[in-house]
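Below is the structure I would like to discuss, written out as structure tokens.
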Amino acid sequence: MTEKIVSKEDLKKILEGLMKTSELLAPGKEGDLVLFKPVKNPEEVFFAYPNSLKPVKEFFFPPREELFKHEIREGKVGLSSEHQENRKRVIWGVRPCDAKSLLMFDKMFDGEYKDSYYLEKRAKSVLVGLACNEPLDSCFCLSLNAGPHAKEGLDVLITDLGDDSYLVEGITAKGEELFQGCGKESGEGERTRKKELEEAAKKKIRKTCQPPPDLESFFEDPYWEKVSRKCISCGVCTYLCPTCFCFDLSYEGRDCIRFWDSCSFSPFTKMTSGENPRREKKTRYRQRVYHKFSYFKKNFGEIACVGCGRCLRECPVKVDIVEIVNQCSKDKTKD
Amino acid sequence: MRIGVFVCHCGTNISGTVDVAKVAEVARGMPRVKFATDYRYMCSEPGQNLIKDAVKKHNLDKIVVASCSPSLHERTFRKCVEGAGLNPYQMEMANIREQCSWVHHDKKEGTKKAIDLVKMAVAKVGKDVPLKRMRIPVEKKVLVIGGGIAGIQAAIDVSMAGFKVVLVEREPSVGGRMARFDKTFPTLDCAACILTPKMVTVAQNDNITLYTYSEVEEVSGYVGNFEVKIRKRARSVDMDKCTGCGICYGKCPTKVPSEFDMGLGKRKAIYVPFPQAVPNIPVIDRKNCIYFLREKCKICQKVCPPGAIDYEQEDEIIKEKFGAIIVATGFTLFDHSVYGEYGYGKFKDVVTGLHFERMANASGPTGGKIVRPSDGREAKDVVFIQCVGSRDEQKGLPYCSRLCCMYTAKQALLLKEHNSEAQAYVFYIDIRAAGKNYEEFVRRVQEEYGAVYLRGRVSRIFEKDDMLIVRGADTLSGAQIEIKADLVVLASGLIAQPDARKMAQMLGISYDKNNLFTEAHPKLAPVETVTAGIFLTGACQSPKDIPDTVATASAASVKAIGLIAPDELTLEPLVAKVNPDICSGCLACLQVCPFSAIEKEDVKDRLTKEMKIVAKVIESVCHGCGACSATCRVGAIDIAGFRDEEILAEVEAIT
Amino acid sequence: MIKRLQEKVGKLLREKKVALVIGYEMAGDGISTTPCFIEREDEVERLVWNEHCVYNLSRYLIETRELASSPSPKIGVVAKGCDVKSIIGLIQENQIKRDEVVIIGMECEGQFDVEGERQFKVEGLKLKDKDKDKDKEGKLLEKCKACEVHIPKVYDLLIKDDRNSGAPEPQSPEVNAYAQVEELEGKSQEERWQYWKKEFARCIKCYACRQVCPLCFCPQCIADQTLPQWISPSPSLKGNTTWNIVRAFHLAGRCIDCGECERACPMKIPLRKINKKLGKEIKEMFDYEAGLDSEAKPPLADFKLEDPEEFIR
Amino acid sequence: MTESREPNTEQQEEWQPKIIGFLCKWCSYAGADLAGGSRIPYPANIRIIRVPCSGRVNPLFVLKCLENGADGVLVSGCHPGDCHYSEGNYYARRKFAVFKKLLEYLGVDPRRFQVSWVSAAEGEKWAEIVKTVVEEVRAAGPNKQLSAPVDKCSGAPVKRKHLKND
Amino acid sequence: MTEVLKPGSSEPPENIYLPHLAAIKEIREETQDIKTFKLVFQDEELRKSFTYKPGQFIEFSIFGVGESPFCLASSPTREGYIECSIKKMGKVTQAIHDLEEGDIVGIRGPYGNGFPVEEMKGKNLIFVGGGIGLAPLRSLIWNVIDRRDDFKDVIIVYGSRSIADLVYKDELKQWQNTPGVKLTLTVDPGGEAEDWKGEIGFVPTILEKVNPSPGNSLVITCGPPIMIKFVLVTLNKMNFSSQQIITTLERKMTCGLGKCGRCNIGSVYVCKDGPVFTYAQIEQFQEEI
């Protein structure tokens, strides 16, 4: 696919153009937070962020989504199912880890039962990636078949070459379309520069995630009791996780709403009788780890973690899932 | 669920401003309403029959009546639906008269509001669950605590209605303060003449069991079913054997100051407090008895003809169940030693009104002579000082003790009657003589008995030679006054018994900041306490004179009788209930419950199987006020008939 | 301090005075700490104490209480002055018994915002570089600036600060604990509404604020109930506002200002600003402060005849 | 089954404040009955919910009213000292004092939540209070604060519809 | 990436969350807190095309209140309607119990794997049920009775707390009178009445008494967890292998589509991969059931 060099000015123009033709979402600052927001002014678009607080999953699987409405009139029921407007949507500045996470969502929401809400939003979105040159201490994407410059899942990838110029690599036709007719051909020098940046970025990633191949055999291990002890079941890790997709449904007035839920919560699995197979915190934490590193792998052939590190960073009590899965393998080698 | 809606015209009272037919029509379209109609007078017999018929015909299970205020006809319609075979608590009323047709004039608006009110009632009834009235058995027996005139009167009244009473008195004899008096205002009856017959009745009535020299130690249970532990202290005299001959205390060698006589006279170590005591059976004061101190003497045992003395006797614990409790523990006097101006209680000839009463009493320690305790000389010039302790926020009591004005006047009168040469001076702040013939009485004391009333405060009392000099100001004339007195009598205020607070906590009733017991409602429930089944009478509640005391005693008895007369108590089921699964055990509810209807309970969690603390409602004590429910953060405690769900359904119906 | 802490805890465990000690250990990033649970004497080396010990560990006491109620062993908990207040709150509301916990009080001069790291998350700067020129004032936690309990009010053991011979400086009078609240109070009603509306709109209804709160110990939070449904479970401005009002109100007169809720909130909603407001009002109106007396009646389960009622018609 | 609202004819009409009153059944409810008995007119904007005591009113009820779209809420109970349950209104007073401060702080119009003491004898006072409260809430306008329509946290607005069965 | 929809393409795929409308045709009160609802789809087409297997379940929606899963208690051999027996437990079920004939509700499904009816052909079938647990069995039992020839002997052991708690009282009689079907009813001690002709005792005890033989048999059991636990012990004693025991599992479920994430036991999603499992499968689970 094509590679181009564009200047900062060019980018601004492109953004301006996109704002007119499509819905443009890009990271911006809100106080101390970096969040993806609809762009109202290209100046607000933020480039130098490690990663957004909330992953881009929120645009495909919103925290709250109306699935249908009902109306009862004189004993008759009318249902109206409303779908998103079919406008193109460009998500700008997606980090490679988040892009990869969407491939996992695809597996979940496609399949025997196709989730039209998700799929429709997916189909009309273009993902513009931004390569990570300054990954964080908490990032560990490299050990999970991804990387700071990985392209998987993206439509186009931009790399900041440092001197107000950007290397744009088209990945899909949808992506290339955005940059048609701007910038110039990239040269060898720029390509080397990008390679260097990529290598440098990879070096900065020191955290690795190595789940033991026989994770299943630890299921009954008292280890889980121990490591889950400090978890407060707050669900922050799951809400901010780009691959967590648990949800709940509920009627609110006339709307049927789907909203985020979390396996960390005790009511998540509590039945009306009061019976709860995952009442103990240990079982809930274990579920989270196993779902990511065992069950998803079993069902879809891949670990459901992309190494974005959000859960490590944002956990209010600093529960470190990477340490926990790695530790688990070490314990094993001990005995 | 099949709801029926019945809209009343109330003649034209409602239909004048509300289009009742339209209300019924709209109601027909409301969720789960299977039948709706309007009628001229719903509360009339045909109206009620209409409801009953519709229940049958349309198989209705819940009813909404849109008519007048539930305060008026809730009972009527509950009965009506009960008659139709439904649960009476699955009926709700929409108040479209008092709160709609009567206050709005515009028919359109009135109709609109009426429809909303019906909507709310339909929503609420939809959430209503069937409730069952609680029935609890009643122990047909009353406990009276305190044997003063209040307790005596209450015991007699209850016994007259044919119920059993147990009267518990802490002293060796019943009678209380009144037994100490000579005469009583305003009629000047001889106290003994009117009291003694009552005391005797108490002792002889088959329905009354008297425990003197006894105290209530523990109270548990609840209305209709109190379980009480009574400690009958060892008298060291076998009550069955003793004939009351009195030889023992005649012979006893130990003399100690008599409490009954306020230390003005002496009694023996084995004694009856006063000659008319009931029961007229002595007790041994073990603290002063030589035998108990030094294991010698035993004179009383030797002289007692029937051999009733029993040094080995032990306290007896009696456990009994009662349906109701009447508290009549009376008062005590304010201790004036906090006042420097009155000599900090150090001058022997500065005494309280009660001392005076003993002196004035013909059978008292001085044989009816008013004397100076210091030297026994008959007192001539006597200064009475009112409001000692009362109405003094700083050092004393914030309240007026109500009867000091009267007993001072009485005593000024008695002084003159006992010694025609005597002169009474009364320092007062105000004269509060509100009562039948009271003002007249005070006037008479001034005019006929020549008592000198001085308005003002006493600034100092000091001893000079062997006289007391009382210095004060007459604020009316503005003059400084000094009076040379033989005796000063302080009208000390009435205060709660020193152990009142402990008593209240044991009973679970409330008390105010002066430790006086608090009535459930000052106007509407003046002898009830917030704890169902416990009633108040006499001076333990507030300072009262004898007429008021006796009146409240009878009032409390009627309340108690009313309570225990039926075989079962039927209690409204509109009470609180805790869901132990979600109760956090914070016990905030327990702290707010005005009726102490909540207790702490240790239970095993249904799911985690761990022990935990939860709140538990004693249904028969709960009044259903809902304070607990509004305080509970988790919503673990809810009020039947006004459940969160029901109230929110009403809200949702109109928003 | 750390040494003495480790020794004391070691002793407690050795003498079987406690079955478990909840304390702090270093987190993987080498800067922040994380809660740890020490059960054996040989684990005490993990215990640390530094200015990044923000967590209020008393929250874990509710989970571990079953351990404490077994006949003798108790739970030891490392607690700062502010944390002790929530322990008192827990005792006050019957969640734990005083004799079930061994409070290892820490003299604390204030905690620093490891979340200054947040800056780093945003800007992509290296925390370690930033850490060097740590500006004390700048990153001292807001709550610590007005702290009055550098030495806990209640404890079983006290670990003193070696660097500090005398008593720590008392709260400087210039520090107004309610400055932020007052600033907002000074705004117009509409401005306040707009302010909170924007903040609440961000809430994602994760309930981390509740989960972390030592005093949100209800077996089933009102937010998780369906009969009736008090709070809509999905994030929406309406439901978020309701939730935040309910949470704040439920902590009224109980919140001890550990600030954990705000710290845990991933969306950084300034929850402390609400809690403090209610704390201030309750102090002014009812002369009550939470976390001081385990025997006291909670202010909303109490009343005085002369309570204010100007707002009532 | 929740019935949908009737076709919204109200919208054409002039906006009228919708006020919910929680009245204790002993004093204020009886006071309101007395206003009726004495035929003292007052505006028809109030809908009364009868509760045993003002102490029964959980502040969350008020919140739910406002959230559901009521324009104002009025809680009324017995005067201090007159509570049928002796203390209920004192607890209520504390709760509401705090709750009101909270709402105000969050920028909720203070006119939307009001408290009064009305005895069973104060029919006239009741009518006066309703008048004042209605006027104040009218001045405050429709409640767009706590009952604001659900704002989406993300995702674009919906456009296309298809109806299934009717 | 799944290119299901290109911007501008015609119809989105079917909305999997949108229920079909169905009217309540009949309500039967089984016990004090269990009612059976007969439902007929509004859409004529659907009435014919809706097919399911015994053991499958549907998501039952009360508009404005909520949605809950219930197994289909009717037999697919009876066409044109479906039936669910529902116990009053919480929010949704309470609302369901408040329904009247003619009310419209929403139905999604059928979901889940259902019983392996084909494998059951030619076998002796032993049904062991307790309480409301008879609902999924009923679907299969009618299926078996309607195709009597395909199956061999049928033994049904059913028990409940008391006589009043027995469901399908009329049908129990019909089953009893069907050739080749042996029905044993029991109630917990204390739950009987004077004229009770059935057994008294807990289901596992009575099962032991009935003593079915494991040869060419399958056991299908459903009931409260505690009952299942002891039934398994009993069956084990009687030499049934775990392959011969089939049961349905209950988990909290929201979507029924294997997406919402809560009903999994390990990597198995009860809503999609279950709710019917053989005991042999269950033994493989690491998580407790």
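Annotations
Letters A, B, C, D and E mark the chains as written, and numbering starts fresh at 1 in each.
In the analysis below, contacts are C-beta pairs under 8 Å (C-beta built on N, C-alpha and C of every residue); 3 or more make two chains touch, one makes a residue touch a chain.
These numbers come from a predicted model, not from an experiment.
Think of each touching pair as a link: the shortest run of links from subunit B to subunit D has 1 of them. Across B-C and B-E, it is B-C that has more C-beta pairs touching. Ranked by distance of CA centroids from subunit B, the top chain is A.
In whole angstrom, the spacing between the mean C-alpha positions of subunit C and subunit E is 49. Mean C-alpha positions place subunit A and subunit E at a centre distance of 39 Å. For this pair, subunit A with subunit B, the centres built from the Cα atoms lie 70 Å apart.
Counting partner chains per residue, subunit D has residues 1-3, 59, 64, 87, 91, 95, 150, 152-153, 164-165 touching two or more of them.
Among the residues of subunit B, those in touch with two or more other chains are 29, 581, 592, 631, 644, 648.
In subunit C, the positions touching at least two other chains are 202, 204, 220, 222, 227, 230, 235-236, 239, 300-302. On the side of subunit B, the complex with subunit A involves touching residues 29, 581, 606-608.
Partner subunit A is touched in their complex by these residues of subunit C: 27-29, 32-37, 55, 59-60, 63, 118-119, 121-124, 127, 202, 204-208, 211-212, 220, 224, 232-236, 239, 260, 263-264, 266-268. Those residues of subunit C that touch subunit E in the complex are listed here as 226-227, 229. Residue ranges on subunit D touching subunit B, taken from their complex, read 1-3, 18, 20, 25, 29-30, 32-37, 39-42, 44, 47-53, 55-59, 61, 64-65, 68-70, 81-82, 84-88, 91-92, 95, 127. Those residues of subunit C whose C-beta lies close enough to touch subunit B in the complex are 66, 69, 93-95, 217-222, 225, 227-228, 230, 250, 297-298, 300-302.
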